[in-house]
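First the structure, which I've put down as structure tokens, then a few questions once you've had a look.
Chain nomenclature is as follows: A, B, C, D, E and F, assigned in order of appearance, with residue numbering initiated at 1 for each chain independently.
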Amino acid sequence: MKYVTEYRNSRQARAIASELEHAAQPGRQYRFMEFCGGHTHVLARWGLTDLLPGNVRMIHGPGCPVCVLPIGRIDMAMEAALQHKAILCTYADTLRVPASGGKSLFMAKAEGADIRMVYSPMDALAVARDNPQREVVFFAIGFETTTPPTAVCLLQAKKEGIKNFSVICSHVLTPAAMEHILVTAPRREAAPVLDGLVGPAHVSVVIGSEPYRVFADKWKMPVVICGFEPLDMLMTILMLVRQVNEGRHEVENEFTRAVTPEGNLIAKKLMERVFRVRDSFEWRGLGSVPHSALRLSPEFEEFDAERRFGLVERQVPDSKACQCGAILRGEKEPFECKAFGRACTPAHPIGACMVSSEGACAAFYSYGRLRRGSEKSPAA
Amino acid sequence: MKYVTEYRNSRQARAIASELEHAAQPGRQYRFMEFCGGHTHVLARWGLTDLLPGNVRMIHGPGCPVCVLPIGRIDMAMEAALQHKAILCTYADTLRVPASGGKSLFMAKAEGADIRMVYSPMDALAVARDNPQREVVFFAIGFETTTPPTAVCLLQAKKEGIKNFSVICSHVLTPAAMEHILVTAPRREAAPVLDGLVGPAHVSVVIGSEPYRVFADKWKMPVVICGFEPLDMLMTILMLVRQVNEGRHEVENEFTRAVTPEGNLIAKKLMERVFRVRDSFEWRGLGSVPHSALRLSPEFEEFDAERRFGLVERQVPDSKACQCGAILRGEKEPFECKAFGRACTPAHPIGACMVSSEGACAAFYSYGRLRRGSEKSPAA
Amino acid sequence: MAEEKRRYFATPIDVKKGIIDLTHGAGGRATAQLISQVFARAFSNEILEEGHDGAFLPEIHGTPVVSCDAHVIRPLFFPGGDIGSLAVAGTVNDVAMCGAKPLYIAACFVIEEGFPIADLDRIVQSMGRTAREAGVKIVTGDTKVVEKGHGDGLYITTTGIGEVLPGIRVSGRLARPGDRVIISGSMGDHGMAIMSEREGLSFGSGIQSDSAPLNALVEEICRAAPHVHVLRDPTRGGLATTLNEIASQSSVGIMLDEASIPVHEDVAQACEFLGLDPLYVANEGKLIAIVPEEEAESCLKAMRAAPHGEESAIVGTVTAEDPGYVQMTTLMGGVRMVDWLNADQLPRIC
Amino acid sequence: MAEEKRRYFATPIDVKKGIIDLTHGAGGRATAQLISQVFARAFSNEILEEGHDGAFLPEIHGTPVVSCDAHVIRPLFFPGGDIGSLAVAGTVNDVAMCGAKPLYIAACFVIEEGFPIADLDRIVQSMGRTAREAGVKIVTGDTKVVEKGHGDGLYITTTGIGEVLPGIRVSGRLARPGDRVIISGSMGDHGMAIMSEREGLSFGSGIQSDSAPLNALVEEICRAAPHVHVLRDPTRGGLATTLNEIASQSSVGIMLDEASIPVHEDVAQACEFLGLDPLYVANEGKLIAIVPEEEAESCLKAMRAAPHGEESAIVGTVTAEDPGYVQMTTLMGGVRMVDWLNADQLPRIC
Amino acid sequence: MCLAVPGKIVSVSSPEEAVADLGGIRKAVNVSLIDDPKPGDWVIIHVGFALQRIDEEQAQETLRALEAAARSGEALQGAGAAA
Amino acid sequence: MCLAVPGKIVSVSSPEEAVADLGGIRKAVNVSLIDDPKPGDWVIIHVGFALQRIDEEQAQETLRALEAAARSGEALQGAGAAA
């Protein structure tokens, strides 16, 4: 696999790990937040945590679009399917997230709701075309990576004049969330001290590396944009350690093969046409974050499922036991949650972080619980 | 079973058979037409033909509502289900009748048409109530027995203002068909000479015995209205033999326990309100018969599926091989059809007479083919 | 295994209010949990598959016999039984009709997404009970979940394994002229119990399915009539169709006497009402034994004394004439054919 | 029987253009016709049910083994096989994984009204072919037809019967520290062949299912490694789930080496694309053999020389540490857990 | 033609709706077509409707006629046997 | 987050539609977001859309950087082993 296998070289991995061991200065702590759930998954799936020096600690950020979706928004999707009898098209990722009363879209489907898994927004549009007598709702989630495809899909729906199609627009914005974490950290007692940020790979493909400059400049935070292969990850950590050691705080780009300073201009222009920034948006764990999500622009609001069905987002608190919020803010580790591995497992998740394979709890449960089992994990 | 078992007495059957043997005068032929398929079935199912004297011959008439339904009308029902995607509610009896291209409603169902078996027209109305977003069509077939229930059903539909319900009105009239057979007999070379008529049981429950007077008076034909139990049948034949012997031609009523001279007045009044007599109607075997069927009255024509969907009855000839027409006119016996027991069996019927268990071909195939097998039936 | 797996099942299955979803058929933890908390509990026996791909059985002594049936009945619960008791009894009977002692059952479940776990549990318990009544063990199984709209709640396939009773040799080819046709009781109970419950007919009755395991009855028959020629259970297609099969396979005629065929009053009435013939209606707890004339009386006596055989009756005779055909002297004294069933009997209006 | 019944089938079944309707499952003439013209033709062997309720089998020599599986796959036809070949191979394999020689198959069909008889015929022919390849006989069966909207074209349940090979004793409880874990070839081929064909993903590939009967391979393993401890086919849930089951049953740990696990390039790529892990993807023509260290090399050699074993590889070791857990040294040199499958893997976007 | 069975009305809930007993089976029947339906009435039931009341008197009359014909036939049988 | 894979465009049928090869697998992809897509282009594919072209030059550069870091690490390993 070109552009994949080359970045999974076993020899290089071990060697770079040695280099990293050498670079990390004893007596110093390196605390880096990987914003992105994709990176959380890479660390766990390849067992990279094993290879890191003891004083380099990775802190999981809120960059999993499934994990940050608050219960209220899943309830809206459920309402479209159950009360309004719409065909709900969704990425499989959201199917198992528990919403109000612990009920997931998957369970709603078993109860008879017409919920269909799609791989692309265009598949949802095809469902609408094939079922002209039914309302078809696409549950549009995701960060800037997933947003341009939704935009293209809506453009096409408008062009074809498809009347029975609408979207629950739940697209969120990466820089706003990153900034929110840094802004609110001083107010949060448990907030971790961060020594650097790992910048997302595919989000940055779209938005480019420029938007991160503010973190380096204003917050004096080393940033490295990182690809999703294991060598990308190791290299990025090495680059962050070097910035720390050298007292630099720059935006570096490890993923230059796909990320440019300005990103994808076509995609950005399209997003500007189809969407508008919401004044604020509710994130799981982060609460209400200003200017952190998108709604449809006036030109496309005919496709807004929230308007069409009068869907109103209700604020539903997470399960009391669940520490997802603190975990998404980087304040806690999964095994610090009492439910972890007991009441909450991937088979019976209580919180979103246990659902998505990018969720910190799921990643730790599936790949890592045995390693720290002796200390904390009750399931070991 | 009160009013049933008493009329199935084994001793009496054998004794009345002896009486009949005695009553039938040697050298004389007694040819009686049982108009009604129910009587055809009774003769076969109880093996009564065995018990009749050799010179008493029963000729099967056209009184099976399924058998006389021409292909064109089943095509209309099929069109409602397949082209107009209506839910077609039908008595099970019609499901296996081959229509155009040998295709039955049963096959259309296997292909995906939404065809539902109902036991009563009220069940069809309930389907309409339960599926307000679908068109529901009831395939209303049958003689005067089945007609009043359709009338009650339409009255109810009107009362409730049910908009998605309609009927393909294919109700036919017994006296008109009987008369047609007698009227056309002189023109038909093969027409059997008839010495008497067995009058239908349950049709007469509704219309009474009066309508048959014309056959006795004008056609000088002995008529006995006959119940559907085996002793009713034997007694009726005895009564007919006696009329013939005595040179009488009267309307006698063997089924007085349920048939009165005037029939059911409530039912008759209701039929007058809900239906109008059609100028003419196509019967399988009999061709176009004047004043022989019903359509909806102006008050109820909003429920007319023919109007609602623009269903037009096309005249489709029966399969060439099929002798159903001649059999329904009493001109031929089933085993005189070349297809009988070869290409045409109850499992793979070619004609309607092989479908309905009241059809002469089906009755003979299932109950009698072995007895005459040595002479004619190729399947024996 | 139950022990070892328990720790993974942090949340137990909600047997009261839970519903089946696709994860229960995916072969992962949810499947294991369903097996351990619903199936294993009801079927428990020492052979039952302990997580292996198959079950190891003790030695089989007589000629081994195997039979299978898919059960797709609606409604799933009906007076006198449910799909579970039926799935076990049906296969027990098919094995028994080989003149064999049924020993083991393998059971496969195809469950529709959304099916209530409480119903599944009730059905599985009922299977366990019927298996215990019949003295057979449910030794292995499989569970698949299909998407909503791709099933009808639950389908159960059972395969039975048994061993032929010593000295017995029965076959549909062995009916001989002069043999007597004995049935173990009234005809049509099962089919009419189902029909009377089925949606759309808005028709209620107290008719009970006869569904029952007949292996004990078969053992009694084989003791009393060691030269029994044919054993067969008249299920789909009823007595008429089953006798036609035998007449055809043995190249003999069969002459029935209508007056001697037991049909319960309510079943007869329901048949009249729907225009059905009880001779074509399915039975699930009745058998046909065709035995040499000289063993007929002792066989009848033994059957009447055995479980599920109280209403046994001699209903006909095997003839050399009209081979391949079944005929009947009707109550009225006429003789008529009793033909194969051509298609499912449907309620008719004419 | 075919002979005797032919005369009733005036009109032969239209295998080219006909469709299944409810009469084909009603147990009357149409059912008999379907059996004789479609099933009996493809499966013909001397034991196959001749119209009796069950099949009589020859004597079984080793410990009898029975296993069953319901097959509900969609699409019914896929690159490398179809539901028919799968239903036979799957059950042959489950019997073989008991260290047994599969002998007989019972097959039950649940067909959805409207199903093309041509497709049924093709599937049934494919079952016949696979049975002949595996040297097993399809000895009895059953056919039910369900109403449109209550099935998914066709479900096939198969039950296999076999006899344990002389001297062999395998079980999921018998893995011992030091044993080697051998797999018979690349992981994930079947599941990805299905996934790549499945509607809604608009995703086409040349990936072939590995579906194949493995009984000959098992006989070779048992010859080369007579002390083989565990045999198991990593079907639903894939290698990861099956090894977890074994680790749990045997109370041992298992340590895998990622670099040694064969995964075909196109399967790996398709997994990347859909966000799936090949270790959790189903296989239908692969097995896991856990053998004592001293027999591992000869076993591997024998497997590589046997049919369907060319790509066999030693992929891990059984350990005394971390009993109940499967772990893996990744390509990157890190060690991580390889957990149970929790639910069906679904294509993901994040 | 026109399959119908006798049943006995056991309860009447409205001018349209009643329950009939058919040899132990209970069935809801529509009685719109019957003038003043009452529990105890025997009716002929077709496609869920009571079509007509059964006249017990006439039923007895018919049974007497049947028995008379049968007696006459048996006399002949006896005569035939004796002859 | 945001699972995406590299693929090579093998044919372009319109400014929106193309077919990509993913290690032998063919997949229809929407190329609306790519300026002037051409066969031979490598792109990053996400939810059925090509999100961006891959820069071969930069990819090589990164591989060189990785190898440099690895060499440096191996030198240390060697030193460690020797020590």
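Operating definition for what follows: contacts are C-beta pairs under 8 Å (C-beta built on N, C-alpha and C of every residue); 3 or more make two chains touch, one makes a residue touch a chain.
A quick map from chain label to UniProt name: A, B = Hydrogenase maturation factor; C, D = Hydrogenase expression/formation protein HypE; E, F = HypC/HybG/HupF family hydrogenase formation chaperone.
Worth saying up front: this structure is predicted, and the values here are computed from it rather than measured.
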item: If a chain touches subunit A and subunit F alike, it appears here; value: D
item: Required minimum of steps from subunit B to subunit E, each step between chains that touch; value: 1
item: Chain hops separating subunit E from subunit C, counting only touching neighbours; value: 1
item: Most distant chain from subunit E, judged by the mean position of its C-alpha atoms; value: F
item: Intercentroid distance (Cα basis), subunit F paired with subunit D, Å; value: 37
item: Separation of subunit D from subunit E, taking each centre as the mean of its C-alpha atoms, in whole Å; value: 62
item: Centre-of-Cα separation between subunit B and subunit A, whole angstrom; value: 71
item: Subunit B, residues touching no fewer than two other chains; value: 1, 4, 14, 17, 37-38, 64-65, 91, 119-120, 123, 142, 146, 345, 347, 358
item: Two or more partner chains touched - positions in subunit F; value: 1-3, 5, 23, 46-48
item: Residue list for subunit D, restricted to those that touch at least two other chains; value: 8, 22-23, 28-30, 202-203, 265, 268-269, 272, 275, 342-343, 348-350
item: Pairwise chain contacts under the document criterion; value: A-C, A-D, A-F, B-C, B-D, B-E, C-D, C-E, D-F
item: Subunit E-facing residues of subunit B, complex; value: 1-4, 6-7, 9, 11-12, 14-22, 36-38, 63-65, 91, 119-123, 142-143, 145-146, 148-149, 152, 200-203, 205-206, 227-228, 231-232, 235, 238, 254-259, 263-267, 270, 358
item: Residue ranges of subunit D touching subunit C (in the complex, touch as defined); value: 1, 4-5, 8, 22-23, 26-31, 50-60, 63-72, 93-95, 97-98, 100, 104, 106-110, 139-144, 146-147, 149-152, 155, 157, 159-162, 164, 171-173, 232-233, 235-237, 241, 245, 248-249, 251, 282, 324, 340-344
item: Subunit C partner contacts - residues on subunit E that touch it in the complex; value: 1-3, 5, 22-28, 45-48
item: Contact set on subunit C toward subunit B in their complex; value: 200-203, 259, 265, 268-269, 272, 274-275, 322, 325, 327-337, 339, 342-343, 346-350
item: Touching residues (chain side subunit F, partner subunit A) in the complex; value: 1-6, 8, 16, 23, 30, 32-35, 42, 44, 46-49, 51-56, 58-59, 61-63, 65-67, 69-74, 76-77, 80
